[in-house]
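Next come two complexes, and both contain subunit A; in the first it sits with subunit B, in the second with subunit C.
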Partner chain A sequence: MFRRTVESTAATISLVVDGNEVRARAGESLAAALLAEGLLSFRRSAVSGVPRGPWCLMGACFECLVTIDGARQRACMIRAVDGMHIETGEGRRRLLP
Partner chain B sequence: MKREESEFAVIGGGLVGAAIAWGLARLGKQVAMLDEGDIAWRASRGNFALVWVQSKGLGMPAYAAWTRRSSDGWAAFADALGEETAIDVAFRRPGGFALCLSEAELEARAAAMHRLHNQPDMIPYPYEVVHRERLRALLPAIGPEVAGGIFSPLDGHCNSLRLLRALHAGLQRRGGKYLSEHVVDRIEQRQGMFALATSAGEVRAARVVLAAGNGNARLAPMVGLAAPVRPQRGQVIVTERVEPFLHHPMLSVRQTDEGTVMIGSSTEEVGFDDHVGAPVLAAMAARAIRIFPCLGRLNVVRTWAALRVMSPDGFPIYSQSMTHAGAFLATCHSGVTLAANHALVLPPMLEAGSLGTELAAFGGKRFDVSAHG
Partner chain C sequence: MSSNRELGDPYELVVVGAGPAGLAAATAAAGLGINTVLLDEQSSLGGQIYRAIEETPLADPAVLGKSYGRGRLLVRSFVASGARHIPGASVWHVAEGQGGCLTVGLSVGSAAHMIEARRVILATGALERPFPIPGWTLPGVLAAGGAQTLLKSAAIVPAGYVVLAGTGPLLWLFAAQMLRAGGRITAFLDTASVENRRAALAHLPGFLASSYFREGLDLMRAVRRGAQVVRGVKALVAHGTERLSEVAFRRLGSTEERIPADILLLHQGVVPDLNLAAAAGCKLTWDERQLAFLPVTDRWGASSVEGIAIAGDGAGIMGSEAAAERGRLAALDAACRLGRITQSDRDRKAAPVAKALARATRGRAFLDALFRPTRAFRVPEGETIVCRCEEVTARQVRESAAFGCPGPNQLKAFLRAGMGPCQGRMCGLTVSALLAEARGVTMGEIGYFRLRPPVKPLTLSELAALPATPAAMEAVGR
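For the complex of A and B:
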């Protein structure tokens, strides 16, 4: 659905997304890298469980939350860095046991 | 300059103005709702979204009755709005708690509820003091310091941003006009018509309703009324979304229909200043974590402040002008709770040209220190 349209000389880097190696461009946002990879659902709604993905791409909506090296972060506000470990698909996160 | 003409001009596009405007439009009235731009002080976009009854009305039993009436009308109001606009404002009325962190705090709150209900002319409503052991069964997430709380089955909450959007959509669907960027500079009455000089031209209407929140203090004298309201700042914290775990709204903590947790209820007298500040936010967060320790594991995603519209005694003001027939004023700090009344009860009074006797206690003249009136 999404593809990179601008030629770039940026270095190719490597991410680990849900255990799989994914190539990205150095300096692009993590959300852009994952969208370009064809990943549209980043997580699931905490209330209804339906799939969610990047919407505002500017840090306001929090729909693109993923776990980056152990911490929940907005993928649109983080630059992709070589070697990053990303987990997607967090579902109905429970706060109580 | 263009010119607008309608039966009613409602000044203010927040929850109070929009509820009244939608209600008037439902009665078949031609309505123009005048609003400021995006930089307006919008309590309606920053509020806590409680539909709250308990503890309101100490000092004015008529306010307790008015609040109760709106709370009782809210479900039908939300249904009507939903039917017209297809927007679900997520109204829930599971009953709410005011939680206390010590026996002394619980006793003080229980005593205040007792005084509230002992007032002459007070119509009692159901509530109970719930002590810690029973509370734990209802709210398993409470921390070790929670002594208990006051529960009222009448308390509820909604999604107030969707409420504001639904009222605007409903008004426009009914043919009402929404006039943004129309700051009212002057109101004059000529030959039975009100002429409103605004930043975007003149608007004329047979009747005018001032529902401009803190702006009513400036506008009221233009039609012979008084609304000595002042801004009172409240700060709000919102967390990331989690699976629903708080099934009742609390006075200072509630989980929204979308899974976020809101923490609020601060009050500051700082004038027209809606900045947030770390000291108040930190105190709010610390208290919330003492009430529900699990909140400490949540990320905060945003904080904001908004300005309540506060009258000298804290109660709403509903007035009609004696000098400018056809001019009315409505202002309160509970635009969410009272939205059902503003949409369904007030408009027929405005249509009839006279506020009902149940609103007699709410006139702005109660703040007038001189002997007349």
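For the complex of A and C:
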């Protein structure tokens, strides 16, 4: 679990995560927004399908891959923008190589 | 030479990485009149150490400590320097191009580009060392540096039952930061060997004279006051099914203890992020003191590849203050080799920088010895996952060695270890350590994964955006 130390209503935006509305702070990473929502598992692993969540939060591990507005991306490298659609849970990655 | 109007190339100097080394290098180079661009994957300046320095949402950024504030000056000097900054630029390739130039492949947004530069300074910084314990892939188990990034950039702290485990200055620093930010730590499991203290004593004089001394002592005292610190932890297991629920650990000469846990933060030091340097062909060497592969560099940071220098922790861990000085040295050398200043100018300007560098690296040997990670947490056993992407276990790596797999590169064919999207960043050191042990050779002999560009996965659409031939690049560049 993670919790926000600053509760501000100022920069609040809303995202759609797996069909549910989630509030986030504009400018924070999507990974931060999802973790603050109580989500720890972001996807299923490519080989055995077990749940996985963010590890490094700096773009190195690729554990935080989610589908953002249709594209598979690292949630820790993308800033939350109002109205974004995020799908978690997919296992197979569509990346080269 | 092709040109890329949008990205403003060609440049005299491309600096990769906007942490202390890259910021200082680009600032110094621009100050010497060099046409410079700074590329960084993040959307704002500062790198990991000064992450979100100009925009942290923390109510009181002072919880991050004095050293964090130092980043502000570096960022502001850079902004005033006239060097260009391309944020959100993921660099996946550096290689010799035409006419003595270097070609840099990068992705910005969802398009790939190639830009040309006379010289490149890689300031790619550090990564957390792999920490392969049973259960480290469970949701709820994170790298402590990752949690620190959340604190700096989003003012978020771990909550519930929070266990920190491992060794290294960053782990202690983060523990103190999160306590100051109002977080709670259920247990701090210190995995440093008690033997480390004796080894560190030999380096005590340097440490006493360093800036780490006071700060470090205060920090450790604060953590001991605010959390239950368990020393001499020999074994660690993260338990849970869909997510972490418990941490089991064992100390010297005692039976297993179990504590409930919602979040486990692991850390056992940082190592150079050398994927880009290695893929560019820079020679690597094993460093037994840092227990890491480092690119071979001279005092200016020049690598074994003409035109490429490496500055900061990416060339060996010395910390953020040293990183800035190493960036300045690399910039001076670049200016000299570009014919902007004479060699004697370079040496004269470098003298005070070298002095500052010597000051900044005091105490490093002490820290390396005191926080040296133990073998048990570097060389995992049994079914512990080594390669997170391809879910390869320690047993499988050992079996491959027994079947005659000679080294890390051949292991890719055996098990696909290191071939997932992280490209060995999470497993490279573990794979080398397991194979070296199994084959009875040194780390230097076994070596590291041979890395090839692109060092970050590219999507098909990014590739499609890339001009295919030099002629095509000419065509789109006009």
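One rule holds for everything that comes next: the second predicted complex is superposed on the first by the 86 of 97 C-alpha atoms of A that agree within 3 Å, B and C clash if a C-alpha of one lies under 4 Å from a C-alpha of the other, contacts with A are read in each partner's own complex, and residues count from 1 in each chain.
Here is the rule we use: contacts are C-beta pairs under 8 Å (C-beta built on N, C-alpha and C of every residue); 3 or more make two chains touch, one makes a residue touch a chain.
All figures in this text were calculated on a predicted structure; none of them were measured in a lab.
In the superposition on chain A, contact is made by A:58 with subunit C only, not with subunit B. In the superposed model, A:46 lies in contact with both subunit B and subunit C.
Of the two partner chains placed around the shared chain by superposition, subunit C is the only one that A:25 touches, whereas subunit B remains out of contact.
With both complexes superposed, C is the one of subunit B and subunit C in contact with more subunit A residues. Common to the subunit B and subunit C interfaces on subunit A are residues 45-47, 62, 65, 72, 93-96. Put simply, subunit B touches subunit A in their complex at residues 140-141, 240-245, 257-259, 294-295, 297-299, 301. On the side of subunit A, the complex with subunit B involves touching residues 45-47, 62, 65, 72, 92-96. Put simply, subunit C touches subunit A in their complex at residues 41-43, 48, 55, 57-59, 90, 110, 127-128, 137-143, 145-147, 149-150, 153-160, 181-183, 242-244, 262-263, 273, 388-391, 419-422, 425-426, 454, 457-460, 463.
Within the complex formed with subunit C, the subunit A residues making contact are 1-6, 8, 25, 27-29, 31-33, 35-36, 40-42, 45-48, 50-63, 65, 71-72, 76-77, 79, 93-97.
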